[in-house]
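First chain written, first letter: the chains are A, B, C, D, E and F, and each begins at residue 1.
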């Protein structure tokens, strides 16, 4: 895997949230490295309310980590 | 995505809870950016007890983050 | 939404647990604001072991937040 | 609800784990207060591997809280 | 229940991970104390990818607790 | 089980994320030690959007632990 994560620090909470999105997607990508297989899952993934809620849950967990790393941008 | 999150600080715990609601919804929105697709999921989403419970779970995780950012409003 | 949360401090751990119950219910209420729709879900909600376990999970997450806010009532 | 929780402190980690079990059950009890309805769910609850795993998950979350309250019994 | 947990301290992170495995299994055992019933669930449990993933999730939560108790073996 | 985890410290956040992946897989391996049985689950595992999301969730929880162990690489 190429370098994709060099720091958990971000300028703003919103950039931190977007980093949490990226971490969540990378968790999927390490599990299913095939771009094709991930694309095939995408329609089901993004239209099933249980799955989009689960995806938002993963983002929330990663956002906890990023927020702590940034001392909550205080 | 427009700017939507500039701080995790809020005046009161209730505003913090409402920010946690917003973070949870934005986690869904980044996963499914189409307003139309999200609206189509909404009836199922809000009437299935497993999903509303899962939604409350995501809010709880985000509320942990917001509460920590505000030193629990102590 | 009316004011319903002014502090995370409670006198006792049990009151803190009951506040965690309230936070969990409010997470559901913000997701499904209709009293009628929530009442319609209630029978299924409270008799399905997977859902009552999930509900207890949400309470546990919120209780972590409330306990931290109260310095674990030490 | 009668008084059932006066402190998160325990003498040993095992007692702390058992308190986490109790907190998890009380989360279910507040959701479904009927003893009869909870008894009716019990057979399904305790023989479905997905649900016993979910129950163990709730205990793990509550054990985090109890362990922190006891400074991890260090 | 016999004594099975006297400390959260371990010599190494790997022993800590193995303690997290044990805590996860004990969470199941307190929920379903019958050795026979747990054995009956085992084949389904260990061959269903959703359940093994859920089991790994419980281990991860318990490992957070054990790692904190050991100051992350720093 | 052979020695596989001697430290939670890593040089970079990305190596920390990859350690979180490893911890997540080891949680599965301790649950289902048979290489053959894990291989049999793999196709279903990696093509079901609910499961890959759940897998990413486990990684997120383990990444919290690893990030804390490394003081968030600050």
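List of remarks:
Heads up, the rule we're going with is that a contact is a pair of C-beta atoms (placed from the backbone, for glycine too) under 8 Å apart; a residue touches a chain by one contact, two chains touch by 3 or more.
Chain identities (UniProt): A, B, C, D, E, F = Unannotated protein.
What you see is a predicted model; the values in this text were computed from it and never measured.
Considering every other chain in turn, none proves to be in contact with both subunit E and subunit F. Path length between subunit A and subunit E in the chain contact graph, taken as the least number of steps between touching chains: 2.
Using the mean of the Cα atoms as each chain's centre, the chain most removed from subunit B is E.
The geometric centre of subunit A is 15 Å away from that of subunit F, both derived from CA atoms. Separating the CA-averaged centres of subunit D and subunit F is a span of 26 Å. Taking the mean of the C-alpha atoms as each chain's centre, subunit C and subunit F sit 31 Å apart.
Contact with two or more other chains is made by residues 45, 48, 50, 54-55, 57, 61, 64, 68 of subunit C. With chains as nodes and touching pairs as edges, the resulting graph is a single ring in which every chain has exactly two contacts. The residues of subunit E lying in touch with subunit F in their complex are 12-14, 17-18, 21, 45-50, 52-57, 59-61, 63-64, 67-68, 72-74.
Listed in rising order, the residues of subunit E touching subunit D in the complex are 1, 3-9, 23-28, 30-32, 37, 40-41, 44-45, 48, 50-51, 54-55, 57-58, 61-62, 64-65, 68-69.
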